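Okay, got some structures for you below.
The following pair of complexes shares a single chain, subunit A, combined with subunit B in the former and subunit C in the latter.
Let's look at the complex of A and B:
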């Protein structure tokens, strides 16, 4: 008797929960952005039959790789209310140091790669150290190192570029693994790990707490300084990895590589719904933000829109997406 | 001799040795902003350099014998005589120079009647963005790609991809690695430009003057080549010239202006001349000299107070005529060295058409290019546009680009 009564009750609860969950998903920031992205993809695919092809999508994923790798730690940093403007310069400097260590210092290439990535980590660590210990605002500190690290790249390279790497070095930048470019596997793993760490660990929850109320987080016993050091170092690390794989793809190092890339990174993160003042944001949002921008760039060009007009349209869609998001946000609460 | 004097002499000689050391090593090295490729300085003008250089014919024969070293597309569709669609991806769009090459391309396309060419590219001279543009146009599907590379090595993998997919690839203005494209239209051989630049400068400041160089970037291949050839040519013909410094301007006219101001402040009267190595560095440099009222005094009609011969600074460089017209008009600049970029774009389209039609094949030594007549193949897989062009007061106003 009791079991018979419970049965319909349970189904109803499940249906309600499903509907509530779906509604929440659709009106969440990520949901709205996802819908906009899908609409954009559908519209653009009617304009060019070469857009929604496996070939184009993998090609675009490879082009997206460097910005995406830097956008993951940037999401962490912006969630804490910080910012890292120096990622493009760290990217350029790591590439130059990789090339220098191999070509001029004559180290084995494996070691040179490690040194390149390590130099990125150190650069990020220095950012973090000054922000935490000296109390320099992240905007000021990383604006300074934006110039400093780029200057070091120019100084170390002395206008010479490293080239003529052995064949195996190009594998990671241009080769495939199980039919997909290496970049897609690496990026996939990085996204998965970053998302899990942010959503499911006390470290991730700590980042939100810092962004919402740093003083409160300190009183709650969250090791704020250590967390900040970790995320800025992580940012440098990801820039270093991106620099290595980018060098492998284009087969040379240049001191001006990655100039201005920080703006693309920040744009994707903010479009993805991360609050620029900190406290909220998700990796999923950032990933959708990255995809939307890339979809627009690729799809518009394939539909015959010129590069300069594409830039304008990408800007317009960014504003539109944020407007829609704000509009729905009012109903959300 | 007192001990003090001896000590002084020892110290002095050590100090001199210290200075001599870097000077001695610099003799071997090239000037800042050069590359490390072989150089081939041309003949000196009458009265300069060593007497009659021997066997110039041998070098020329060697160059002619160089084998075709370009790449070839894999199974390109046979489009001989048919309508083709080309995409032109210059270093950047929206500057006078590449507007002029675009104009030349459109002119050639109109003449030929069976070519559609459009220009697209990054708004900054950024290799990362340029690669993205090329990738996307390969996906879009074009019959041929014309390019001017922001980096000769970094652009090569994506161009090889294009060749692998049967797309024809022809470069102009700034080359890639030879096997990443079929042909490259060379606007002027580097030694030719270097000679024209140095000769023009020496005409103004004399063979023992001091000068500085404002380049676009230490990594731009064209700029590095020119500076190397200028260095080599000056070593041979004008060994008494005093090379002061090379500074970067990053394709930014305002930065070129500031850098030149800094040079004027740093060297004062010592500075006799400035080379502006790009179409933004040159007007930036000229503007700085003009605002400092240091233009050559030999233009009596100037109403600004003319500086003394000592202080005056000559400016020679590479730029488009329109940008330099005001400076040529008021006498601040006497010679603008360049080729004709309209002709360059025009030739690039003609070369591409000849390649598609099978009229220009590996091993050929010349190609027909419309109103430009017959162009010569040099360095294996390059097509030479002709000798450089020096724009002066007398002819600059006949050009509009």
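Let's look at the complex of A and C:
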């Protein structure tokens, strides 16, 4: 973050400034990832002529949607030095509660959607409350609720799934708006807002301060506890929204939805350059991290690589990206 | 008698501070050599050099007349030097015997493994404790379940298990009950009879007279003197410890003292703040003196809302207020420059710009959005105003020198335009130039009508800067002096020696 905002010295010419800016961009975490992503896309596009098409790319964006929605608050949380392992379980529980409220409790579907999202928020808030008030480490707390919320989803659903929603419900998951899937608009807006809040507001600044030195942030009068409560609640909210739109796309709810998705979310955030120990990271990095993983998965699949080999490749590229970044990081400092 | 350990002309410099400057020290077998000095006089640095934690920049260490160099604590241990620190370094989940023999348990080779001989270990632990006249301790008990006094006895036994010839005790009585203090003294005398040399560090001067054979005084890293205890007095030691000439480092300007800005009544926060009532007025610098652990920083942090008060009242500008969080304190116009720059005062990984604006982000932001232009201007002004030596506002704070880091902390709080500025050790560990600049700034701020509460362990700073001086001991205010009444001696006496009043050790000493 600091590198991007570095003030050029007044005596430099425009050309020098441009070059300095480009150098910084290229050796920044985001820059390296972007280059790797572009190379991956170019290589994969030579393997299959179906890969680099508008149709395929929008399809991939829709597949990416749920992980991406959860990766935004996860970026905030990891910047503060925390973690939220329970996002996948909140996702599953919200979907189940949505279906239960509509099908079993007989509530209007609009209200059921709101209740589903609200239950996600409450689940996130409970995480935050225990982390802040009781001082449970985020890893432990969200590991516990990973099991707890999934168990609640199983209990409420009784292994039954909700289906047969009215037609309008499927619009947001399958329909288009101005020629693009709804997911792309929603995700775009979410990315934009998350990025601006993180980079430009006192709240965002506070998150970096907490991640670098929580005690120092507290001593500077930053409302550390309130900020933490907000980000864990935000995480629950985004899982809830993702659950609603995912249900709309796949037209059914199942209690095991989103199992293991937290690992994809965390992988994208960390690959995007957010320090797992907190203190640095950007939304732009997370977005590139998300794209890189999705590009690899889809491109390799279209190139005829088998499913399990794809996973191996994705893992290898993750390690490669981190290695390159470490090397450049040494050069940077 | 030939000294076992002899230190000649030892110097040690840390960034920004000369911790030791040409210090001498020696210890003979069967001697208790007390080491006294104010906070920051260099006692801790010296014992860390003796125990191999730090290496001296210059000077010579001799053991039995042979020059030695310690590269790490293990090498010092092998030479028979054992240290008992203020914070005991035992493993609470292990037994007494395991702790005593940590790292050198009696064992025998079984194939590729070494097998611990548990029976032998328990027996030998029992023997060592018995040799210290400790017969009531179960060596199979976990250390975590023992009292502080018993844990300390385990530490001493541990030192004996490596045949220590020199035992360093750093404030051993700081957290002991009186009965435990008595038993500790018995053990110390026992060890002395056995020929162990004991380096004894304590703030409690009466213990020095109770136990010590000789006493060495350090002050500001300088060696002052070594005397036989029988040839000195408590008053003489205090004046040797504090007796610096007050130079004109402290440019205190006359300032008009106005209405009270802060008043606290019977403020309590267990365990360190036990009923404090005081006022700080606009235009006034109040110096808060006391030993480490007397509750000064805890009082400041209670006022600032980091550890909110459990009972008592706080008034700001005459209004009764509740302060539960630092954010509330900041809104009320209270600023706190904390004791520890690195962990409390700064976010060192972030830039000067981001640190300076940290406490005023809500005011710098419109609708939550930070006004980056104003933020940059603020940081540039701070750099100019406080003469911070930095390449740009974008410099990472960790790369600045100690003095310049402290100026960043101060400018962060000046940006919040405080009515009350609490400064906790404002010049600790910074060079003389930056120190003078910070003192001048404090003086100017007082003239402008800011109320300043300054915590300091340096008596010259307290005397030089304060309009009024409060002395804190064991969580309470125990003395108040005006600028004219205060002397190093009467402040130091209030900080330290009044413990004699309620301590039966004094009576014992006169009976001896």
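Brief remarks follow.
Operating definition for what follows: the second predicted complex is superposed on the first by the 321 of 333 C-alpha atoms of A that agree within 3 Å, B and C clash if a C-alpha of one lies under 4 Å from a C-alpha of the other, contacts with A are read in each partner's own complex, and residues count from 1 in each chain.
What we mean here is this: contacts are C-beta pairs under 8 Å (C-beta built on N, C-alpha and C of every residue); 3 or more make two chains touch, one makes a residue touch a chain.
No experiment lies behind these values; they were computed from the predicted model shown.
Superposition note: with subunit A as the common reference, subunit B and subunit C can be accommodated side by side. Judged by the touch definition given at the top, the superposed model places A:228 against neither subunit B nor subunit C.
By the document's definition of touching, of the two partners only subunit C reaches A:279; subunit B does not.
Counting the residues of subunit A that each partner touches, subunit B and subunit C differ, and the larger count belongs to B. When the two structures are aligned on the shared chain, A:150 is found in touch with neither subunit B nor subunit C. Within the superposed three-chain model, A:59 lies in touch with subunit B and out of touch with subunit C [touch as defined at top].
Vectors from the Cα centre of subunit A to those of subunit B and subunit C enclose 120° in the overlay, to the nearest 10. Superposed on chain A, the gap between subunit B and subunit C at their nearest CA atoms measures out to 34 angstrom in whole units. In the superposition on chain A, no residue of subunit A contacts both subunit B and subunit C.
The touching residues of subunit B, when paired with subunit A in their complex, are 32-33, 93-94, 118, 120-124, 126-128, 131-133, 135-137, 139-141, 151, 153-154, 156-157, 217-219, 224.
Those residues of subunit A that touch subunit B in the complex are listed here as 48, 50, 55-56, 59, 63, 154, 157-161, 163, 174, 249-252, 254-261, 297-298, 301-302, 306-308, 311.
Of all the residues in subunit A, the ones that touch subunit C in their complex are 2, 5-7, 197, 200-203, 205-206, 208-209, 212-213, 215-223, 279.
For subunit C in complex with subunit A, the touching residues are 306, 325-327, 329-330, 336, 338, 343-351, 354, 358-359, 361-362, 364-365, 368-370, 372, 376, 392-394, 396, 412.
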